[in-house]
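Each of the two complexes below includes chain A, the first together with chain B, the second together with chain C.
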Partner chain A sequence: MINRRHFLTTVAVGTASAAALAACGNGASTSAGETGSAENPVTINYTWWGNDDRAERTRKAIALFEGKNPDIKVNGNFTDFAGYWQKRATEAAGGGLPDVMQWDLSYLRDYGQRNQLLDLGTVDINTDAFDKSLLPSGQIKGKTYGIPTSTNAFAVYYDPAKLASLGIAEPDGTWTYKEFNEFLTEVGTKSNGEIFGSTDYTGVWWMFNIWLRQNNIEAFTEDGKLGFTKDDMKKWWNQTAALRGTPAIISEERVTQLAPKSPFGSNVTATEVTWDNFMAGYLADSGAKELKLAPVPSDDPDNLGLFLKPSMLMVASAKTKYKDAAARFIDFMVNDPEVGQIFKTSRGVPASKTQRDGTTFEGTDKLVVDYEKSIEQYLKDAPEPPIVGFGTLEASFKRVSSDLNYGKLTIDGAADAWFKEAEDLIKQNA
Partner chain B sequence: MTQSPTLSRRSAQSGSQLPRKSRQRGADARAGYTFLLPWLLGFIALTVGPMISSLYLSFTNYNLFEPPKWIGLDNYTTLFQDERFLQSVGVTVSYVVFGTPLKLAAALAVAMLLNSKRRGQGFYRSAFYAPSLIGASVSIAIVWKAMFGDAGPVDQGLSFFGINLGGWVGNPAMTMPMFILLTVWQFGAPMVIFLAGLKQIPNELYEAASMDGAGPVRKFFNITWPMLSPVIFFNLLMETIHAFQIFASAYIISNGEGGPAGSTLFYTLYLYLRGFSDFRMGYASAMAWLLVIVVGIITLIFFRTSKSWVHYSGDAK
Partner chain C sequence: MTTMATPTQSLPDAQLAHYNPKSESAGTKRVKSAIFHAVALALTAVVLYPGLWMIASSFKPNSEIGGSNTSLWSNNFSFDNFVTAMDGIGGVSTLQFFTNSLILAIGAVVGTILSASVSAYAFARIKFPGRSIFFGMMIATLLLPFHVVIIPQYIVFQQLGLVDTYVPLLIGKFLAADAFFVFLMVQFMRNLPAELDEAARIDGAGHVRIFTSIMLPLMKPALISTSIFSFIWSWNDFLGPLLYLNTPDKYPLPLALRLFVDQTQSSDYGAMIAMSVLALLPVLIFFLVFQRYIVEGVSTQGLKG
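Now for the complex of A and B:
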């Protein structure tokens, strides 16, 4: 039967300890890069985020690169966006980042400023074909950490067939926030709540950023502080205050149920405000025959606050042993016209003119390219790499907005919550 | 083989004070530790070492990239002003308080049903045990999410009976019941332990009670409960500790965000987000240590209170 002494020993051994975390040391880096030959090629690791479609295209591009560069082998690896950054964080802590990586502007400072990324100004990558206003978004304090592969811009997506079936006219290309809100309300009313106008666009960080620019405010100051006030934020969230809980805007509850698919891709909303390179994904998800793009609303018709953002960048690890091979691979991925033909606009519109001119755009790809051309006159400089910890701030903006939509927070409470987190984070990283 | 009788004979003489015997005991101890070495090395390198370094990191601002800087108790004091931290504590405590007793009740009830002699008992035991083998897996979390989603089987089933709750996954009020159901459904492991405990209770006790005219309820409270109390205690302790550590299912069902409206922001999930999404590893380490301390205190309280209700055979009382 059960005896106390034996029993207590079992429990003592079994009593589990909670998570414990280990730190690893950093390895040393070499100054000169190692090179390979056709008989004895070097292997570089390349990692990216994306879906199966991107993986297929990337494999084609890698095969092409290896064919032209027999002295280099590229070992490719990919995950989805969320898992991507957690993996990079652990690798960086262990000193084992892959040689070449696809990168996002949100995380450029986190890694660049902390000496995890190679200064690409020290290696040979041709940037002659790049628009000079775009390159600074890959640079921090005069060092180039990332080369943009492509650009994207913010836009309002809509499905013309869906609007026609509701008897609603297509947008004519300019609208104020009031007109946009009326449009969303009309969708909700005419569809009897079957189709929502949109997701709550005030919950999208970049749309907030654009609205700030429309009011001539920069989100972040050069010394890494917030450029806007709590009142700006409250004013922004008030834009859709009357729309929350009506069919003009989909509830967060539905959005959560539909995840990971987007409401627009699930045909539950008539419009969506986001980056223009999501086109292919939305078309596949929604099954719509055609989707169109309109510029974002603005109360100042001459200032749409729009800009071209590097949709992704190519970076190299500061600790790579194969600087030369990494540079050649990056150069190839951003400049080669054949790579443009493989990716079309699935990474965004190619940033390098050489690559853009060498690519034929048809159908939806042409729509995206044409949209970026149509807004050319309104474009301002690309934003500088956001502050350290921006990924966290963007996520908390999304979360607080979602709580607002759920009615768990008031607008004042939401602004307080976000500012507290942001100030804490800025202090933490100062 | 030849060792064990010698050992038991020596331990029987352990009251002896002779130096020769103690030298022999020293040799035995050396042999013992030699055999333990592989386990000890793993324990020190993979558990104790990282734990000590995380204790150190919890007093620093370590961010994965830069060398840690000592900031004293800052992480610990900041914790209690962090609303999301307090939210994660609330979520986790309600999960432990409601989920664990329900799970144990289900486990005990099924164990008692399976304890009777009936045909096909082996099959039933395996069938009821199966969910706890696969329950903690990623795939079950995905299935769970689909089942409790909008227009999923649960939503449709309840609608059939006129209960229109909609999907549970997006409704902050329904996510906790959903997680509690998931844990209750995984009652297999405590059930097997209960079953083993039930088999240890001598049948004569029940026979005697029946002769004295005791009914099933009386028999449960006067025989089964006290005789089984060490096993109940063990299961309660293990399941409580286990419940504090819920992570995988919460991570998957909420897409790693703890939503909707923070209703699934479990302690370990928030710890993970702080460490690996926000790169605040020092802060995350402080959270980990606070959890260790709290779980330790709860375990201590359990042991203290156990004296009044847990009965061990061979005890004088």
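Now for the complex of A and C:
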């Protein structure tokens, strides 16, 4: 390390190249940043969101890292998800972002475009073991701002015990939307309305996104505009038009009553479409013994529109003084098999093959990993990092579709309302 | 009703003869009292229900809280949630969170009492040039929403290297930055008779002596209301600690409470509720011990000296 640093320093100073200096951000001494030694270690700050369980696992991973890298100390901090982004926004404005951070895809473009995040392509992180279709989701305009720790994929969750008690066969993993709708209706009818089929899946943005991909439409164009039309949206919401208000779909009133728990976690619905890494949460909320995953419905059996999304990324602050130490820590967290053994699937399925192969999965962890393996042949490239303000769009999609379920809006009115909001927002951020 | 509303109204002699306020209004009074109590009890039940729900839920297993579970009591009664809550989070014990909250709350009370009372004395009793302008400016800070100053304030503390210490959370309290309390004490002091200080001054007392020997003892009710409010506000503060504290070892309770619920993973509502119950206790005890003074403090402020 020291040798490489000296080498780089010599090159930078020796050539006195303005370009090389500019690449170092402030044009400071070295591109590796300050480095430490075993006697005099540097301390980097690492922050993440999550619960007690994640804190415990991360503490173990940090201890392991410090043992292997005596010249670096890692100071770990954590908060809950909502507070996490409030805190990052303030720190970004004040120039005090922590050196290394756990990151969410929906905030990547925002912070990346404002030059708050370090271009990880300029430091030494091994990405050989990553699927090539996954890395672009951490990149913006050719710069790598985030390295995925793990992946998640969309799936249909179902509770086999509930289906068995209703005398309904478990899904075989291939269904069209028509078959899926019939399945939901069957659940609602056979349980006499005690258990609903599902929440209205047309209200889930990512499900809509997947349906668009099944029809070979991209949700957003490369220049950050909408890639679909109002008619696409109306067609989508019409998918469940006949099911709304029947026992196939739980009413919006009931969903609101159950919050903050999901209807599926409250044992009120038999299925739910969402990300496969929510398994642990659903198991804890519902108290169910076993939950299973099936691929999403598609009218084209060869194109399920599925993709792996980084469930979490690792990023570094653009202003970190310890670029080299930050890079080594990120590399360790995403690639080391022992780290995989610590986290299992609690962050999602490990993205790096080295880490994934070095981890033994059992029970629920195995279910999630097996699911992602089973859909491997259908996977397409992950979408680019969502546009700035995507969170708002996703929330408004949910709200408009909930108004649709309440009967406050017609399908035409809902599409008009959403498009107006989306176009205003895109114009604002352009 | 009329007899109640206008007891001084003069009544005809004939009526006055058998007019016995006690016996005649007894029935009406009883009905009114019954209605009053019924309404009051109903309102109390509505207001206290969330508290009752919280206490009941703290003894339920996680899967039976919220969602489709509507019953208040569970057959699976257990103290497990309290055990989990007391275990702490990520290697930090719950006792540590309590200690941190206490340090912050007591620091806030001490700081506010010291600084607000001295500033209030200056505004209420000392004539200095620009007094009313300064007073107006201080009141104006009450109108400044906290969210406006978050980022500039953060930058200042960040540059001073004071982030991740308790200084940003407490320094304002020691510098009388809580204009509300200064204002409360100024109003209180203005109502104290000026003759008292004049008498002390004639006896040769300076400002320090007048403040410590005359004003402070007389201000007891205002000091107590200030302590109670600043204790409770500091105990419940979430945003300040969230922004300024980084190390979990330094987190107060409101931050720790949020760590039990994570929508992106599993949420332990049971432990969170159990910890909420525990976190509520100190405030409740503080309030019960001092509630007599709250009423006293508020009512004395209305009196003219």
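The working rule: the second predicted complex is superposed on the first by the 398 of 430 C-alpha atoms of A that agree within 3 Å, B and C clash if a C-alpha of one lies under 4 Å from a C-alpha of the other, contacts with A are read in each partner's own complex, and residues count from 1 in each chain.
Note that a residue touches a chain if its C-beta (ideal position, glycine included) is under 8 Å from a C-beta of that chain, and two chains touch if they have at least 3 such contacts.
Not measured: the values here are computed from a predicted model.
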Touching A:N40 in the superposition: chain B (first), chain C (second), both, neither? neither
Check the residue A:A284 against both partner chains and state whether it touches chain B (first), chain C (second), both, or neither. second
Classify the contacts of A:N192 with the two partner chains as first (chain B alone), second (chain C alone), both, or neither. neither
Between chain B (first) and chain C (second), which, if any, makes contact with A:P260: first, second, both or neither? both
Pick one for A:Q377: touches chain B only (first), chain C only (second), both, or neither. neither
Report for A:G389: first if it touches chain B alone, second if chain C alone, otherwise both or neither. first
Does chain B (first) or chain C (second) touch A:N216, or do both, or does neither? neither
Quick one: classify A:Q116 as touching chain B (first), chain C (second), both or neither. first
Touched partner set for A:D403, first chain B, second chain C, both or neither: first
Where on chain A do the contacts from chain B and from chain C line up? 82, 86, 90, 93, 258, 260
The chain C residues in contact with chain A across the complex are 61-64, 66-69, 89-91, 150-151, 154-155, 158, 163, 238-239, 242-243, 246-248, 255, 258-268
Residues on chain A engaged by chain B in the complex (per definition of touch): 1-4, 7, 10-11, 14-23, 82, 85-86, 89-90, 92-93, 110-111, 114-116, 252-260, 389, 391-392, 395, 399, 402-403, 406, 408, 417, 424-425, 428-429
Please name which positions on chain A make contact with chain C in the complex. 45, 47, 49-56, 58-59, 75-83, 86-87, 90-91, 93-96, 98, 258, 260-261, 265-268, 280-281, 283-287, 346
For the complex, which residues does chain B have touching chain A? 47, 49-51, 53-54, 57, 61-66, 68, 78, 83, 149-150, 166-167, 169-172, 197, 200, 230-231, 234, 237-238, 241-242, 244-245, 255-257, 259-262, 268, 271, 275-281, 284-285, 288-289, 291-292, 295, 299, 312-315
